[in-house]
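One chain, subunit A, appears in both complexes that follow, with subunit B as partner in the first and subunit C in the second.
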Partner chain A sequence: MPPIGFKVRRYEDIGIYYDSDIGFTVPLRQRTYKSENGEIQTPVTALLLVRKVPTDCKIPVSRDFTPRVAIACFENPNNLTGESRLKVMIAYRPRDINHNLQIQEVINFPNVKAVEYTGETHTSSIKRYYD
Partner chain B sequence: MAVYSGSYYCDGGLEQRQVNLTVFGVNVIEGRETNLRGDRFETDSNFDALYLPKVFMDHVLPVRGCCSVPINGLRHVKAFYANSLYLTIPCPFAGGTITFQQFMQELTNNRRLILVELHGETVGFNLRTLLRN
Partner chain C sequence: MTNAVARQIFSGFTNPNQIDKSAVFSGCDFLLLNALNVGMDQYEIAASIVIEVVADTLYFNGQVEVPQVPLGTKELPLSLPFFDTALIVPLPSEATRSDCQCYICLATSFPINIEMFSVSTKNLCECKDELSSLKNDINFLKAINTAIAVNQIAQDVVLLATATVIGVGLALPTGGTSLSLPPAVTATLAPATASIVPILISAGVSIPIPLP
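Here is the complex of A and B:
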């Protein structure tokens, strides 16, 4: 029995092939949160699932950069803020036609009220990619 | 603070013309990793010439633009030239493009710079209006 005040969140991690702004492609973990009845809440859409790693092999947790993400906002009266914010990575780099299409899919995902976007960020030096 | 103006290309594909692309220095006082806090300081054109990529200088005009990009935060790099001193340089080129790669290549080839960080753009309520296919 978890202590009062803690919440249990069901989730599943899937591997996604991600195209970096820098030019490489790498498998990354995407956490998908689920409701109590097992329904997936994170806006995992068709264009993201196209990039799913086809095996059950473990994707390393550690990574040295933050992928570009869309942050979908849902109404959730159970949270103090009244909302849930779930991140989904945008697997396609800008100028790939699927980049915008995947964002549109997230915007149109059921019950999504608003979507924010954050581009790819490297706080470790990017020099190693250009040596 | 050196003010330049030029086109900014959003990740979603929209081109924003003649917007401010301001370069400034920061003297870090405290903080770790992403939570750096410090004092901004102005740079001049002679100083900028040592650090800014040629592809950036060819892209901009040394005048103030008529407006700012209507997004929360521009894509930019933090280019450290000392342990607690860095330049914030807007990157007007979208990821994966040839000019983006040239911009990054020139920065990473600059021996005066010891660390180059890339920070992605942040977009809020108007994300839908910035998507162009």
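Here is the complex of A and C:
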């Protein structure tokens, strides 16, 4: 008998032009989770959507670095922890005025209880960006 | 036409109250899942692949069990979420090369509308089937061509007869020097040509030409 109790997650992948801290801009993939009836759960807000890449192509997942993200916490009684945490990229670099504005949008997104933030992380050499 | 074949092994809504089981398949190289009626949206799905191990069995005492005996239904652990409607789902060689029958078990928390295919290269039997189907089509088209040719000859005969009748009819009033057809003759022509029309229609409608 196969294991039971797993889930289905409905999602849509979109491409987002992401401004790196270092200075370059790259298209990255943002996974947007949705409810059973298609209601968007990941806080994809207006300021993120203006950075949407107009393409139907698959956008490769970057493994070079981890982009800065806001992690929005929602109440979810179905999970053992009682919450679900959905990541959304902050497409603007910190010195851009839209950086804080997009985070504010995530905070104001319906049913968001709390928002965490992690910065951009590079685990491989960044020397090449300065060559 | 390609050398690959995709067999549908699941189609329709999943049932969250039970484990959904796909049709059995074997010798397939990878799986393909499609989300239906959700536009650009995709699904991450929890699933597992189950292999029914059935084989000619050789025992220590030399006894050979033929026909094949079932050795058990085993599961291949796959990392989750491994099944994704946006991804090609590769299968391990245990499932692809053993020729044992496999099926997919799906556990979903809400009903989703999906279809699943097992994709592989065509085997020799399928190629032979396709070839014989093509031969049948060619023979059928040859028969139709013959029928059309026979029909054409018949029409020519009718036309010739009609023309002869009209010619004979005209010979009397014009003394054989008629150049243009008077209205009365056109009226005579109409019923004669009308008798050919049903032949043409029946040729076109009653013979269905199969699509390749």
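Basically, the second predicted complex is superposed on the first by the 127 of 131 C-alpha atoms of A that agree within 3 Å, B and C clash if a C-alpha of one lies under 4 Å from a C-alpha of the other, contacts with A are read in each partner's own complex, and residues count from 1 in each chain.
We adopt the following convention: a contact is a pair of C-beta atoms (placed from the backbone, for glycine too) under 8 Å apart; a residue touches a chain by one contact, two chains touch by 3 or more.
On a predicted model such as this, the values are computed, not experimentally measured, just so you know.
Superposition of the two structures on subunit A leaves subunit B and subunit C fitting side by side, clash-free. In the superposed three-chain model, the partner touching more residues of subunit A is B, compared with the other of subunit B and subunit C. By the touch criterion stated above, A:Tyr11 is placed in contact with subunit C alone, subunit B being left untouched. With both structures placed on the common chain, the touch criterion links A:Leu28 to neither subunit B nor subunit C. When the two complexes are laid over each other on chain A, the CA centres of subunit B and subunit C sit 140 degrees apart as seen from the CA centre of subunit A, to the nearest 10. When the two structures are aligned on the shared chain, A:Val44 is found in touch with neither subunit B nor subunit C. By the touch criterion defined above, A:Glu116 lies against subunit B but remains apart from subunit C after alignment on the C-alpha atoms of chain A. By the document's definition of touching, of the two partners only subunit B reaches A:Ser125; subunit C does not.
When the two complexes are overlaid on their common chain A, residue A:Met89 makes contact with neither subunit B nor subunit C. Following the chain A superposition, subunit B and subunit C show a smallest Cα-Cα distance of 21 angstrom.
Touched by subunit B in one complex and by subunit C in the other is not one residue of subunit A.
Contacts from subunit A toward subunit B in the complex involve residues 19-23, 66, 68, 93-97, 99-101, 103-104, 107, 114-127, 129-131.
Contacts from subunit A toward subunit C in the complex involve residues 1-13, 34, 36, 38, 58, 78. Those residues of subunit B that touch subunit A in the shared complex are 11-13, 33-34, 75, 94-97, 100-101, 104-105, 108-109, 115-125, 127-128, 131-133.
For subunit C in complex with subunit A, the touching residues are 14, 19, 38, 40-48, 50, 75, 80-81, 86, 105, 107-110, 112.
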